[in-house]
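Attaching a single structure in structure tokens format; questions to follow.
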Amino acid sequence: MSMQKYIKDFPILKRKVNGKKLVYLDSAATSQKPFQVIKVITDFYTNHNANIHRALHTLSEEATIAYEQAREKVAAFINAESTEEIIFVRNTTEALNFASFGLRDIVKKDDKILTTTMEHHSNLIPWQQLAKMKKAKLDFVDFDKNGYLDMKMLDRKINDAKIVAVTQASNVLGTINPIKKIAEKTKQSGSIIVVDGAQSVPHMPVDVQELQIDMLAFSGHKMLGPTGIGVLYARKELLEKMQPVLFGSDMIKRVSLTYAEWNDLPYKFEYGTSHIAGAIGLGAAIDYLTQIGMNKVRQHDIELTRYALNKVGKIATIYGPKKAEDRSGLIAFNLTNIHPHDIAAVLNQDGIAIRSGHHCAMPLHEKLKISASARASFYLYNTKSEIDLLVKSLEKINKIFS
Amino acid sequence: MSMQKYIKDFPILKRKVNGKKLVYLDSAATSQKPFQVIKVITDFYTNHNANIHRALHTLSEEATIAYEQAREKVAAFINAESTEEIIFVRNTTEALNFASFGLRDIVKKDDKILTTTMEHHSNLIPWQQLAKMKKAKLDFVDFDKNGYLDMKMLDRKINDAKIVAVTQASNVLGTINPIKKIAEKTKQSGSIIVVDGAQSVPHMPVDVQELQIDMLAFSGHKMLGPTGIGVLYARKELLEKMQPVLFGSDMIKRVSLTYAEWNDLPYKFEYGTSHIAGAIGLGAAIDYLTQIGMNKVRQHDIELTRYALNKVGKIATIYGPKKAEDRSGLIAFNLTNIHPHDIAAVLNQDGIAIRSGHHCAMPLHEKLKISASARASFYLYNTKSEIDLLVKSLEKINKIFS
Amino acid sequence: MREEIYTELIMEHYKRPRNFGKISKPDTIYSDANPLCGDEIKVYVKFSGKKINEIKFTGHGCAISQASASMITEFVKGKNFEFVKNLSKDDVLKLLGIELSPMRLKCALLPLKAVKMAVYSHLSKDQK
Amino acid sequence: MREEIYTELIMEHYKRPRNFGKISKPDTIYSDANPLCGDEIKVYVKFSGKKINEIKFTGHGCAISQASASMITEFVKGKNFEFVKNLSKDDVLKLLGIELSPMRLKCALLPLKAVKMAVYSHLSKDQK
């Protein structure tokens, strides 16, 4: 496969786990990092470390330039119109919180916030809280038995929605939602579309202008970048209307004892010392992904998913769409009468890392009438032969527990 | 000096800036990192990287253990009673926001929040905002002409305060405030004391139980640790009463579409994927500092500050207390009729990194009737001969601008 | 090798758990969950004096948590408050006869936590 | 070597800034600040038709920002809207005769930003 040559860039993949070569199938939780990203972080701390935006000395200048270049890389990666629209945050969860609470002056009593039953908790709880705070209504679009969003229900419910919060790719069903279609509907109804891009931005080309996305949230750690850094994208016009949620130093222009004036965009939303090394590391991750090409990354995901749907599908129940083209690079599944924890534990004996549990999507699991599932997720460094190893191990587990 | 042997641990200090050996006197903005810390971060990404708390596989276990060990190190470092009292956050600013908005159910209309006029914006704006939100009163304790907190004014104002928010060490005046005394007063009046430890925790022994501190905020990046990680300490009893400010995955126990139940401490306050590498790096920084001994770190600061007060004091106006023992390791100063920016710019020509501006303390600068100041700040890797270089450069600047 | 956590003993208890089910009119019920994995347990207890007369559990979870619930409920039946209070992590591991990683330990200890809380909550009702 | 930013020309303007002070009854006033360093500037303008008749500034800042304010105000006096609108970063650097790091550039450009905003705000008043 054409991705083979990139595997050597990921030092952790040489590791042994329980005497076996590591097979890492948990990239939807967090991705591994190529040495190119690790090196940039090390280099920052070793040669350029300083606080940014605040001092005139050379180190501070170098750090500031590197930090702002990372912002430019992010803007280019999702085709934002301007770097002012890129807010560095901790992770997707924080981005979605800033989106929801940032809109608190816009949402009024009885306004409707529309989301779906396939959301990660991070795209649910902030809206629950905002609805509670503003006495607004929270409504949900369901998914059908094949794991697709019920677009008829969406059509019925979208017209009087003020905000539509939806994930681009489900972290359990794998479903890729038709964001452009939904965004067009929000343009007609005048609502704001907030997209959880945690599972999509790392895995496929995402163009916010082409998709007409108002706000987009994603995490660096899921796209080859370091932990502690994420992004909130929002259209400038929206950001200007939004209120900061947390308050502090860099986000301020003038302060007196009783008064504070917010800084210009994007700094209005960045408080205190930023995760400078994190942003720079994310920039390096974007360089790496861009050099491969996001279309190729997507293609590889589809190939692996198709293979997995076929092979794992023979012995396990897999949730979500049947067509690999409609899915992101993961499968959540169950073996009959075996708890996902036990699957994960035995797989780990064979050096295979997957996740088990509710994957922070309890309502989705309730809808599926299961308490947990096992999930194998892929990225550019995974191969078909690793899926073969997964299948072999799953067969063994079926034997142990039969 | 006895700290000499640690200098070689900081690779960046070998750097040249404008052809001169780097003299880094901006540690109050952010500290440099020893290779021991950089190595731990690199090692994490190279060998153990995984998401925590969520999976049963070996990498995830290793990452979780390392992350929770870092929490133990932090707890031990400030002598917290339990790891449940240690919340990992982005930085001091975020910690202070979580402190203030976390108390939103406790603060009522007309309640008094007491702070001081020497605070960093990060310990001012969150309280301004909370006061605005709850229609509470915000009152201030002044500092006297020597830069000491006016304890008489504090005595007059503290009795009916609900919250007292005060910095342990001023990032401009250098003043170390008598936290234990103030904390005892809050115990008498039944108020909550929130301490900004951004400039103290990295530089001196801080024992939250001995000082009777209710809440303490500090940043990893100012204490040899990585960017993007900080700590909010709060007594367990308080944390239990406090509300989370941001919402998402790990902080949740059970969720339905309309309801969410918070997780146990400390996870109730940690949302989404944590800055895992950051926490682990902070743990390594704490190991490094502990091995040297915080008393020795403090002693070194005092020696350098005494030397600087004496030498720089001969040609510049230095703000704050005259006694090095009452100050943290920094001096903010001005040369007659020369803008601090110009000082910083010319110093940079000689490889000397200092900061100029209002240091995120506009009200303090207004009180001093200056718009900006220059600040040189020290840490364990600085030496007296570096201060000599600073003085020589300052003399040159006086000549250029005379 | 940790594969050995799936011993015959564990698998036997997992496949045929003792005390699985409800008690009608229990003196106390306590539910708990492991938020990270979705394991849930509900413990029903009937006392006679200070002794646990009857104990049952419902819920779902992995082999470790189910086997642990089965063994612990078996172990505490007929014992008194003091006995339950003093049960430790090590007692559970001894019952299970295996070693566990920190993450898996949570699975094994959830039933113990639930049993203890059930007993404590009864105790505190009594003292009121 | 960047030390050369403190050229004779810059120092001369810094020490004896042109157009420093206020205009009584200006047509427009505009204030701006560089939040990161505390530099502040206030620009006063009097127009005759589309031309800048008189321009002054107050405020405080470093040598670069003060020299820049001095030179820019000198440069635009007597010029029309169009001329001011077309002024760029490069024009300022040419006036100053130095190269600047990104951080220092902000100091140099604050006066230009303020002068432009002053002119624009007068323009928009006119059109109402």
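We call the chains A, B, C and D, going by the order they appear; numbering starts again at 1 in every chain.
The working rule: a residue touches a chain if its C-beta (ideal position, glycine included) is under 8 Å from a C-beta of that chain, and two chains touch if they have at least 3 such contacts.
This one's a predicted model, so the numbers in the text were calculated from it and none came from an experiment.
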- [ ] Can you give the shortest number of steps from subunit C to subunit D, where adjacent chains in the path must touch?
- [x] 2
- [ ] Taking each chain's centre as the mean of its C-alpha atoms, give the chain farthest from subunit C.
- [x] D
Open item on the list: Taking the mean of the C-alpha atoms as each chain's centre, how many Å separate subunit B from subunit C?
Closed with: 45
- [ ] Just give me the whole-number Å value for how far the CA centre of subunit B lies from that of subunit D.
- [x] 37
Open item on the list: Between subunit A and subunit B, what distance separates the C-alpha centroids? Give it in angstrom.
Closed with: 31
Task: Interface hub residues of subunit D, defined as touching at least two other chains - done: 36, 104
TODO: For subunit A, jot down the residues that touch at least 2 other chains.
DONE: 18, 54-56, 60, 252, 254, 341, 345, 348, 356-357, 362
- [ ] Just spell out which pairs of chains touch, all of them.
- [x] A-B, A-C, A-D, B-C, B-D
Open item on the list: Under the definition above, what is the set of subunit A residues touching subunit C in their complex?
Closed with: 18, 339-342, 345-346, 348-349, 356-358, 362, 365, 371-372, 400-401
Open item on the list: Which stretch or stretches of subunit C touch subunit A in the complex?
Closed with: 1-3, 5-6, 11, 36-40, 60-66, 104, 107
Open item on the list: Quick check: in the complex, which residue numbers of subunit B touch subunit C?
Closed with: 53-56, 60-61, 64-65, 252-254, 263
- [ ] Provide the residue numbers of subunit C that touch subunit B in the complex, in ascending order.
- [x] 33, 35-36, 101-104
Open item on the list: So in the complex, the part of subunit A that touches subunit B is made up of which residues?
Closed with: 11-12, 15, 17-18, 22, 24, 26, 29-30, 32-33, 35, 37-38, 41-42, 45-51, 54-60, 90-94, 96-97, 101, 117, 120-122, 124-126, 128-129, 138, 140, 219, 221, 226-230, 245-249, 252, 254-260, 271-278, 341, 344-345, 347-348, 352-357, 360, 362-363, 366
